[in-house]
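Just so it is clear, A, B and C label the chains in written order, and each chain counts residues from 1 on its own.
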């Protein structure tokens, strides 16, 4: 029964969600909206689980003085500080000029932007390593990448030709390839969903 | 006095005849005709659609109609209130309302309503005949989505049919996937080097198909790592994903007969913030010196940061995502990449279970049907064979 | 290892140094770069230009501070253009870390144009699960947002009188980084037939061309280039236009490294023969 019940719940909910897509009547709409509200509620409670997991992992690293335990101390301090400041003034914490928002704007935001900026350097090193004319396909990849990159650069008389070519690449072969991948992804996603609904794929449920 | 009266009378006569010779221009436009009010199709039952034939002065004649007002009443002779307005040239309007009774714009279903359409110029208007009664009601099947329904049903039947064939022992050929073939070697490498394996489920939620596909792969990889006695680290971006990942890895260890080796603290939640998560994972990669990194799931801008850092750490990297924008980054920076649906197929490849391979073959057949439909559609569109194109038209 | 093999296996730190120098030079010695205006960027601009004063546009600021560099100039320019034309805005921020950033932008620009909250614009704020929120707003904005960001009931805001859902706005412009974009297309356009325009990061741009062609999307601003195109069209040249010179130089450096790597590759192969 412990195995059958979750499979039954998955089957009933899965079939219902498929059917409700085709039934516009408001009685089905009501059940769908009710289910969506529950997803939000479960998500919020799951956040508590996540907080517990992160705290436990960080504390055990600090206690065991595992390599990099200093980072775990920073994690716990940051977590506690933001939680406290957020709850301290409630809704007003996010008003302009509060310490909470100062930490957000002057510590969190620059760190986020810095991490995102790493992409500029990593793109250069990844392009340097991988754009080699090893095979015909690699050459086509390289030439296409160059045309797309060059559309941002003023090239004088050949700018117009390059812009047209780049536009054509984006709107014709790029679109064709994306559509082909999407069709495959759509069918794969449907098959995976069917396998889960019919209980064929049960790895996510764990075992007793 | 008599003379004054005579002059005034003469003026009145002149004005009267003047008017007869030059009659006053009638400013009202011809009213809209053939007004029809009916339930809006394929909706939840709180809307009526009104259509009409354009006024004679809309786009023709005097060309002075600027808009149409749509009026509604509960009785044919009752008070009509304006429900909406559309610019000239339009001959359809959807009168919609809220479904909540408490809402001041509540639109009751199964109630008679009567409609009139008013053609307006800048300084006059004319009204149509009253149309109705019309009632709004919800449909039990969205006819506009019929092609989707037929397609879903056909695909479901195909999947079940191939699974049934697989159960009867039919063997299916699947082309080799380099990324999948490399999994065993990658795990073996980690075991030989005595370094852990890092498995990233991506930034999707537990409801995303890519994450669900990743769970099934994680289960099989966890089983292999248990057999090899290699540590696996699974940092998670979502608390629900973490809970499912813990169960998945535990099941893998149970399948391998090594439940005692399972350590819950190796599957943990980090943060839901994208770049904070990436920073933490990068730190884990560099400190733990992971030998093998798996990136399987939904990824966004952080994909290249993860892959390049893994490259710096000297890890062998196998990636897979259905996010098309990130596939080029993984192709450039990781050793093996599963593109799009190959991620969903991976669990079938790893387990080689007949049921899963059967579902894979159903996908192949469906793809063949889609390709034939695309080619036929291109031909039909070129020769204006509208009936064929209408078979595939979906109205949301 | 000979010279060409070294060229082929350059330490990545040299590449990082090269990129760092490349992005610093245009900051110290700025120059202007001509920008080609794409039809899809023009479509977004013309939509706002053709919206009459008093009409409402829904502006969705669906990105986090990490995408600010590319997307903030778009949001800023669109807001300025709208306010200068007397267009009213309903603004939401469905990305988790976006609300505070969006609120700062709105306060700054509304002060410039003397616009009042509740009369000239309404800021709805953030709600989790963007897909569900976008779906619910198609029925009524009040379902996910009974109050605005500041806690005022929507029904008590003068601007929201008679404004129920997407039918009552001219169109939706979503400035977005991430998967929230799919929900606008699937739900707002797919289900409710709202006119949707996007401003997305550079890496996402190629993904949305199919939707332009199929008519599900009515305009597209792509990355910093898209932002600079819009600034040019709106005659509000700012950060994005300045950034184009830095982007140009960075691209040239990347191309140079690719060429260097391939020279090393070819010459090493030749030497081995």
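Operating definition for what follows: a residue touches a chain if its C-beta (ideal position, glycine included) is under 8 Å from a C-beta of that chain, and two chains touch if they have at least 3 such contacts.
What you see is a predicted model; the values in this text were computed from it and never measured.
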item	value
Any chain in contact with chain B as well as chain C	A
Interface with the most contact pairs, given as the two chains involved	A-B
Identity of the chain that, by mean CA position, is farthest from chain B	C
Separation of mean Cα positions, chain C and chain B [Å, integer]	21
Cα-centroid distance, chain A relative to chain B, in whole angstrom	17
Junction residues of chain C, two or more chains touched	12, 64, 66, 97, 206-207
Interface hub residues of chain B, defined as touching at least two other chains	99, 272-273, 275, 301, 324
Per-residue multi-chain contacts in chain A, two or more chains	39, 43, 112, 115-116, 123, 125, 127, 129, 131, 178
Of chain C, residues touching chain A in the complex	10, 12, 15-16, 18-20, 23, 33-34, 36, 38, 64-69, 97, 99-101, 103-104, 107, 128-129, 132, 135-136, 151, 205-207, 209-210, 213, 225, 244, 247-248, 250-255, 257-258, 260-262, 265-266
Of chain C, residues touching chain B in the complex	12, 64, 66, 96-97, 139-140, 164, 167, 177-179, 190-191, 193, 201, 203-204, 206-207
Chain A contact footprint on chain B (complex, rising order)	42-46, 99, 138-142, 145, 148-149, 152, 155-156, 159-160, 163, 207, 209, 212-213, 215-216, 218-220, 236, 238-240, 242-244, 246-248, 250-251, 254-255, 265, 268-273, 275-276, 278-279, 283, 287, 301-302, 304-305, 307-308, 322, 324, 327, 329, 331-333, 339-341, 343-345, 347, 355-356, 359-360, 362-363, 366-367, 370
Chain B to chain C touching residues, read off their complex	96, 98-99, 103, 105, 272-275, 298, 300-301, 312, 324-325, 396
In the complex, chain A residues that touch chain B	18, 21-27, 29, 39, 42-43, 46-51, 53-54, 56-57, 60, 67-68, 71, 111-112, 115-116, 118-119, 122-123, 125-127, 129-131, 178, 181-185, 187-196, 198, 200-201, 203-207
